[in-house]
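Got a structure for you, written out below as structure tokens; questions coming shortly.
Just so it is clear, A, B, C and D label the chains in written order, and each chain counts residues from 1 on its own.
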Amino acid sequence: MRKRIVSVIGGHNCTEEVEQLAHNLGKKLAKVVSILACGGLSGVMKAVAKGFKTGGGLTIGITPGYNKNEANSFIDVVIPTGLGLARNVLVVKSADVVVALPGEAGTLSEIAYCLQFGIPVISLKSWDIPGVIKVDTVEEAIREVKAKLKPR
Amino acid sequence: MRKRIVSVIGGHNCTEEVEQLAHNLGKKLAKVVSILACGGLSGVMKAVAKGFKTGGGLTIGITPGYNKNEANSFIDVVIPTGLGLARNVLVVKSADVVVALPGEAGTLSEIAYCLQFGIPVISLKSWDIPGVIKVDTVEEAIREVKAKLKPR
Amino acid sequence: MRKRIVSVIGGHNCTEEVEQLAHNLGKKLAKVVSILACGGLSGVMKAVAKGFKTGGGLTIGITPGYNKNEANSFIDVVIPTGLGLARNVLVVKSADVVVALPGEAGTLSEIAYCLQFGIPVISLKSWDIPGVIKVDTVEEAIREVKAKLKPR
Amino acid sequence: MRKRIVSVIGGHNCTEEVEQLAHNLGKKLAKVVSILACGGLSGVMKAVAKGFKTGGGLTIGITPGYNKNEANSFIDVVIPTGLGLARNVLVVKSADVVVALPGEAGTLSEIAYCLQFGIPVISLKSWDIPGVIKVDTVEEAIREVKAKLKPR
């Protein structure tokens, strides 16, 4: 049966507080979905992958360059696209549901793609754009993820 | 000598008012830059290409599909990427300066890419995101385009 | 620890004989590598995924369109790229080693990318291009895959 | 009216003889088609662009990276894709007809894409793959280009 995928997006630089948030989110997401996709690099991408693996899930890193070593050490499966920022499309399109953590323009482009594709995007202290589902806590985010994963 | 390129982004559906704005913008841009790039489809993309051609410029349409006929009839040169929405990256990265007209999530993704690349993006009644140059009239937009085109 | 990936490429239409070959190859590859990547569609891609799953492995389909349902039913994880034929690059670049089965121009483009990237490509009754490792049986292919997977 | 585009493909390293061939081809192509597309880099791409400009045409370079300066100095319009080798698809798909000069695996991937798309590809001392139109001289290549450009 097809695996469900959650993507988590957010900055490659982040504060310790956001890092902790991402780690915590990842750990709890692993109880809800079997696969995490992300951009595979540092910051939010690394912290969430670490948490998700701690929680027992499988992590996929869809990276911008061609070198698999570009991926952080918590990525199980690297898809080295060589597409640069165009890989953002793939990060969100692979997902059944997306959670956005704080990030800058790259994160914004990914949120925009979610809206364009009609993929539910949950903003946890991230950009507030019409169409996103705003939440304030990891618990709320998890609740929304569960709600958006259509039962099969 | 390398040609200067301006990209204009905006919705594939637009009101008659925005269509008029895009046409007017295109016509005036053609006096300032020799080449216009855009997404090549309908709405803002078609109106601005029509105006730019009226003004005497050359238009490039960087389209999402593989069929050249997808491009509107005011596009001189079609680059049919087949990349879907990932082609948004190319539309803005080709440009020395970008003007954003009203549009939805697709336009937002393109503005986000401009910010990430450091390409100046002038928002003419479009999204108001930190980092864009907000203007209210075609004249102001043209003035900003001129200012951003570094003399060589 | 990073998962090893084998990619199998080949035609989306194939004879029953090649289908059997692909299925058999997939089944045996699953004993050697934990993850199979492929283009996710029909023909060789479907038969090899079916075999690989029978053998107990995890299958990733890197598909050209945006619709996850485009993937065959033996794909566990769909990466719906929307990149059209440009997704061929990702299919081979994800792999540590590639096996080519009979196919037409699409398969040839993927073999060419392997050669350009320096990814070992084993041709099992497929294109005979300078640089590929020609083999005639599934057993030989498996032996070459094992040899090319660098021990860690 | 939509501009016709010819793409010329070939190695980024080439012998002086091939360089001369590419330059000569470019110069003569400019009398037949108004726009040349190519990969924008060195070797065949540079020589053909130089010839095409000498002949009075407009040159487009569809480059793999994000830096416009990566393009050779005979490129009028740079489309800096950032797509790496996936940009090969765009180089050939932009064209009404393609001429292949000697090159290695990159050139082979482009020929393969032509065959897959059904774009006529004329091989001038390049790869001999079923489906290409083999020619031995620039004159023959020009004659084939003319034949393939459908009258409108």
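We adopt the following convention: a contact is a pair of C-beta atoms (placed from the backbone, for glycine too) under 8 Å apart; a residue touches a chain by one contact, two chains touch by 3 or more.
None of the values given here were measured: they were computed from a predicted structure.
Novice: If you tally the C-beta contacts for A-D and for B-D, which one comes out higher?
Specialist: B-D
Novice: Would you mind pulling out the distance in Å between where the CA atoms of subunit A average out and where those of subunit B do?
Specialist: 30
Novice: Can you give the whole-Å distance between the Cα centres of subunit B and subunit D?
Specialist: 27
Novice: Express in whole angstrom the distance between the two chain centres, defined as the mean CA positions of subunit A and subunit D.
Specialist: 40
Novice: Going by the touch rule set out above, which residues of subunit C reach two or more other chains?
Specialist: 66, 82-86, 89, 117
Novice: Does the chain-touch network form a line, ring, star, complete graph or other?
Specialist: complete
Novice: Touching subunit B in the complex: which residues of subunit A?
Specialist: 83-86, 89, 104-106, 108-109, 112-113, 115-117, 129, 131
Novice: Quick one: which bits of subunit B touch subunit D in the complex? Just the residue numbers, please.
Specialist: Where subunit B meets subunit D, its residues are 2-3, 5, 35, 60, 62, 66, 68, 71, 75-83, 89-90, 93-94, 117.
Novice: Mind pulling up the subunit D residues that touch subunit A in the complex?
Specialist: 66, 82-86
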